[in-house]
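In what follows, chain A forms one complex with chain B and a second complex with chain C.
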Partner chain A sequence: MATLSIEQVSKAFGDTQVLKDISLSMEDGEFLVLLGSSGCGKSTLLNMIAGLEHVTSGLIRIDGEVVNDIHPKNRDTAMVFQSYALYPNMTVEKNIGFGLEMRGVGKAERKAAVREVAEMLQIEHLLDRKPSQLSGGQRQRVAMGRALVRRPRIFLFDEPLSNLDAKLRVEMRTEIKKLHQSLKATMVYVTHDQIEAMTLADRIAILKDGRIQQVGTPAQIYNQPANMYVAGFVGAPAMNFLSVEVAEQAGDLGVVLPVKCVGETVKHFIPLPNPERLQGRIGQPVVIGIRPEMILHASWAAATQPIISCDVELLEPTGADTLCVIELAGQAAKARVSPMLAPQPGEMIELAVDTSRICLFDPDTRDLIA
Partner chain B sequence: MSHRPAGNKRPSVLDRLSTVLPQLVVAPSFLLILFFVYGFIIWTGYISFTNSRMLPSYELEGFRQYLRLFAMDRWDVAFNNLLIFGGFYISLSIVIGCLLAVLLDQRIRVEGTLRTIYLYPMAVSFIVTGTAWKWMLNPSLGIESYIRGLGWESFRFDWIVDKDMAIYVVVIAAVWQASGFVMALFLSALRSVDQEIIKAAYLDGASTTRIYLGILLPSLRPVFLSAFVILAHLAIKSFDLVVALTGGGPGYASTLPANFMYEMTFRRNQIGLGAASAVMMLLTVAAIMVPYLYSELRGKRHG
Partner chain C sequence: MARAERLPGATGKRRLFGRLFIWSLLLFAALVYLAPLYVVLATSLKDLAEIRAGALLDLPHELNFAAWQAAWSEACIGVRCEGLKPYFLNSLLMSIPAVIISTVLGALSGFALSKFRFKGANAIFSLMLFGCFIPLQIVILPMAQTLGFLGIANSISGLILVHTIYGISFTTLFFRNFYVTIPDDLVKAATIDGAGFFRIFWRIMLPLSQPIVVVAIIWQFTQIWNEFLLGASFTSGGAQPVTVALNNLINTTTSVKQYNVDMAAALIAASPTLLVYIIAGRYFVRGLTAGAVKG
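Right after this comes the complex of A and B.
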């Protein structure tokens, strides 16, 4: 149980700047996910919190105390690794108890603690086995047990589910969430999987090229992405980005959206809410971000939502929804409709645009226009 | 094959050749090995039960050569030397090699250079090693005279002419030669260990010493076994190092079984006795290799 604050932390390996001016703070019991594609520096940041990497500049505080120069073992953090990193020569029981043994905990007490954790993770029957005799999911549980048993101040997870198959990954995800809820421990979780991030996090920090792009709750990240990178990274299928022009029509501010219909391009005027953000941009290009679920079948639309008719080029059924590939502003875009209402490829469909949640981005800076 | 003319179903000569080519290529060496290695093992075994002296004779006389062999002090010395030499050579090479590997594993700057330097003795033949060490250990030429020259008049390091210590001189030279090789074995194994395991142990609060002794080295068990087997068979067949270094002397104090075998077979016209000693060496190797191969093959079968 602890708070963590990272203040203007940078990290360089030789001339390569890996992390630039990172500042983050976490409350006690918070679940923070560091999200980013590979090479963005998220694992380096995690290693720095654990003390496995030196901090080039800036401060890391745990419970207010600067830990930059404190040996990893005295920081009282525990980490779960992607490869599980179990000690191959030790039984599961020894693996879990090793950290306690190193901290001078007596044998009887150790045994009791290991047993308790093993029960919590349902691995009591595996205690006498060696890691090589375990399945991937079981190894993952042992790795978690090794972290749990020490009751550390901060839990660190380094892509712990990446080596599991899809089904097991979802199960373990739920379990980690449960664990967090019952332990109320401070946890930092690194992943490149945006669904993991959305489902687990209290807050998500998105990194790109060693810089934080946005920190916020999953809802904030999803609904008000700070820039096009965040908007495109989070959400599956990805947000549609359309380059359009700002225009004014009958006193409303909005954008002109060219839509391909029966082979012809028809220009629709789409009025947008919060027109003040478009002030002074009339006639200028802008990028609008529309998530597939914001383009819905016309029969489900509210009365105020503008309707567009367009050709369906391709269908991608996913079971629950069918994605229709249509052409907006000269680019392929995806709309999400119910399979029951889905047309055949080549047919025309009437779609409504949910303008209330459309995001606007500046085409030059790629930042959100709020 | 649709593009082939119909009716031509017999495989062409080339096709047939390509299927038997692997067998054809392997066959000569297989036959040569069968004859020159296994054939002569059997022949030597047979000779050891005969009364052969200067020339092989095929007159069986039972275990007489073996009884003669076990009664000889010279064989006793040679075999004891093998135990001393083998024991120290294997254990010291593994300990030193392992230690060097651990030290080199600390991500030091000139690692590549140091690795080459340590590995180089392996590229030198035993004759060269033996000769160089003979000069260095010669009391009137080498280390002893050098240190005395520095002013320490009472310094003594004359193991090479001491009949109780001469075999240890062989150990020193052999360890010098082999530990770099063992180091390379261990270093590559250490490097293949998952780095996250080391990080995990570090976070668990284990010291570097503890990480190596408690986690990394125990997980290198197969490498220890390989090193042991390689060094063990090198030790048993050691011959040229003794020839170059001590010549088996003083007297026969530093002979090894291989030297004994050579001496009897080719110098003293005791082919039967030499064959008996060769068979004893083969059995010693087998005593080590058979359990190793057995455990290896069994391990493979169980996946």
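Right after this comes the complex of A and C.
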């Protein structure tokens, strides 16, 4: 149970700047996900919180106390590793109890604590086994148990689910969420999987090249991505980015969207809400971000939504939805329709555009135009 | 799927001839290789009359261990006629501590060099590696001075020191290369769990090191036990290791050359290393090829 604050932290390995001016603060009991592709510095940041890496500049505070020079064992954090990092020579019981043993907790007390955690994670029957005799999911639970048993101030997770198969990953994700709800502990979770981030986080911090791109709730990240990187990283299938031109028509501000229909390119005017953000950009290029679910079948659309007719080039059925690949502004774009309404490839389809949630980006800075 | 029996030469006559050729070649090589050992063993079990009769390759008429007895406790080395026994003991007293100390130090420095990458770790490792390539002859003179300075010249402790120092290069190399294959996350996890350098080493790294410990022990024991030059240079008389004593035994002539005693003495001197290989040999191969630790 603790607050964590990271103040203008930078990290360099020799001449390579890995993290640049990172500032974050976490409430007690918050679940923060550090999201980014590999090499963005998210694991380094986690290691710095744990004390496994030195901070080049800036401050890290736990409960207000600067911990930069405090040894990892005295920071009272616990970490779950992607590789699980179970001690191969020890039984599950010893693995879980090792941290307590190092802290001089008595044998009887240790045994009781290990048993309690094992029951919580449903691994009591595995306590006498060695890690090599466990399946991936069981190892994962033991690794969690090792972190839980110490009741640390902050839990750190370093891609804990990446080595599991898809089904198990979803199960464990749910369990981690349950765990967080029942423990109400402060947790920092590193992942490159945006779905994990969306489902688990109270707040997400997206990193790229050692810089924070955006910090916000999953809804903020999804609906108002700060820039095109964030917009493209979060959401599957990815957001469609279309380069279009700003125009004015009948007093409305909007964009001109070229749509391919029956082999011809037809230009549609799409009026956009909050026209003030387009002031002074008439005739200039912008990038609009439309998520596939914002392009829906015309029969499901509200009356005010603009309708476009277009050729369907390809279909990608996913079961729940069918993705139609269409051509907008000269690029392939994806629209999400119900499988019942999906046409055949090559046919024409009438789609509506949900303009209320369209994002606008500056083509030069790639930042959101708010 | 490729099927092994479909490969050319995998079945039929060609396979049979191929196999016959390979096996006979291997058998021949083994015979050539083992012939000297056979001669030594057979001669050690013969008496002098039988040896003089001249049939080198004949089996001994009876199992006669008199020569072994003589070599062990009666043969004259210089003016002392106590056999190899005291020197064999010297070698044990020298090898065992030297092997243990150099293995422990190698394990510790290998651990430090691979898991606690401080500034200059690689440079230090390269320098230690350099030690593997220094010929013994170069260090004899300075080492003799050092031992004299320390007051342990002509003693078993002196030899223990020399062999430990010389061995650290090799054991560090073994352990360092083994420990780089063990995931760093284990050390990180243990650090967060609150264990320090020595506790991580003792509780986590050492229990995982069995294969490489065996390699280090076999390597060091063989090197130290069989070493002759340093033993001959730094000791004389009662402190000599068995290799030097064996040489002296064979060079000590009374009246007739006792080939059977010489052969028995050679086998006695070689037996500990043979024994170590027989007991731990399979771990040796396994340790040399062992890679990462699973789990």
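Definition applied: the second predicted complex is superposed on the first by the 370 of 370 C-alpha atoms of A that agree within 3 Å, B and C clash if a C-alpha of one lies under 4 Å from a C-alpha of the other, contacts with A are read in each partner's own complex, and residues count from 1 in each chain.
Methods note: contacts are C-beta pairs under 8 Å (C-beta built on N, C-alpha and C of every residue); 3 or more make two chains touch, one makes a residue touch a chain.
Every value quoted in this text rests on a predicted model; they were computed, and no experiment measured them.
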Clash or fit, chain B versus chain C on superposed chain A: clash
Partner chain in contact with A:Gly319 - chain B first, chain C second, else both or neither: neither
Touched partner set for A:Gly263, first chain B, second chain C, both or neither: neither
A:Arg146 touches, of chain B and chain C: first, second, both or neither? both
Touching partner for A:Arg103 - first (chain B), second (chain C), both, neither: both
Chain B versus chain C as contact partner of A:Ser132, first or second or both or neither: second
Touched partner set for A:Ala85, first chain B, second chain C, both or neither: both
Interface residues of chain A shared between complexes with chain B and chain C: 47, 50-52, 72-73, 77-79, 81-83, 85-89, 98-99, 102-103, 146, 150
Residues on chain C engaged by chain A in the complex (per definition of touch): 183, 185-186, 188-195, 199, 203-204, 207-208, 293-295
Contact footprint of chain B on chain A as seen in their complex: 47, 50-52, 72-73, 77-79, 81-90, 98-99, 102-103, 146, 150
Chain C-facing residues of chain A, complex: 47, 50-52, 72-73, 77-79, 81-83, 85-89, 98-99, 102-103, 130-132, 139, 146, 150
In the complex with chain A, residue positions of chain B that touch it: 194, 196-197, 199-206, 210, 214-215, 218-219, 221
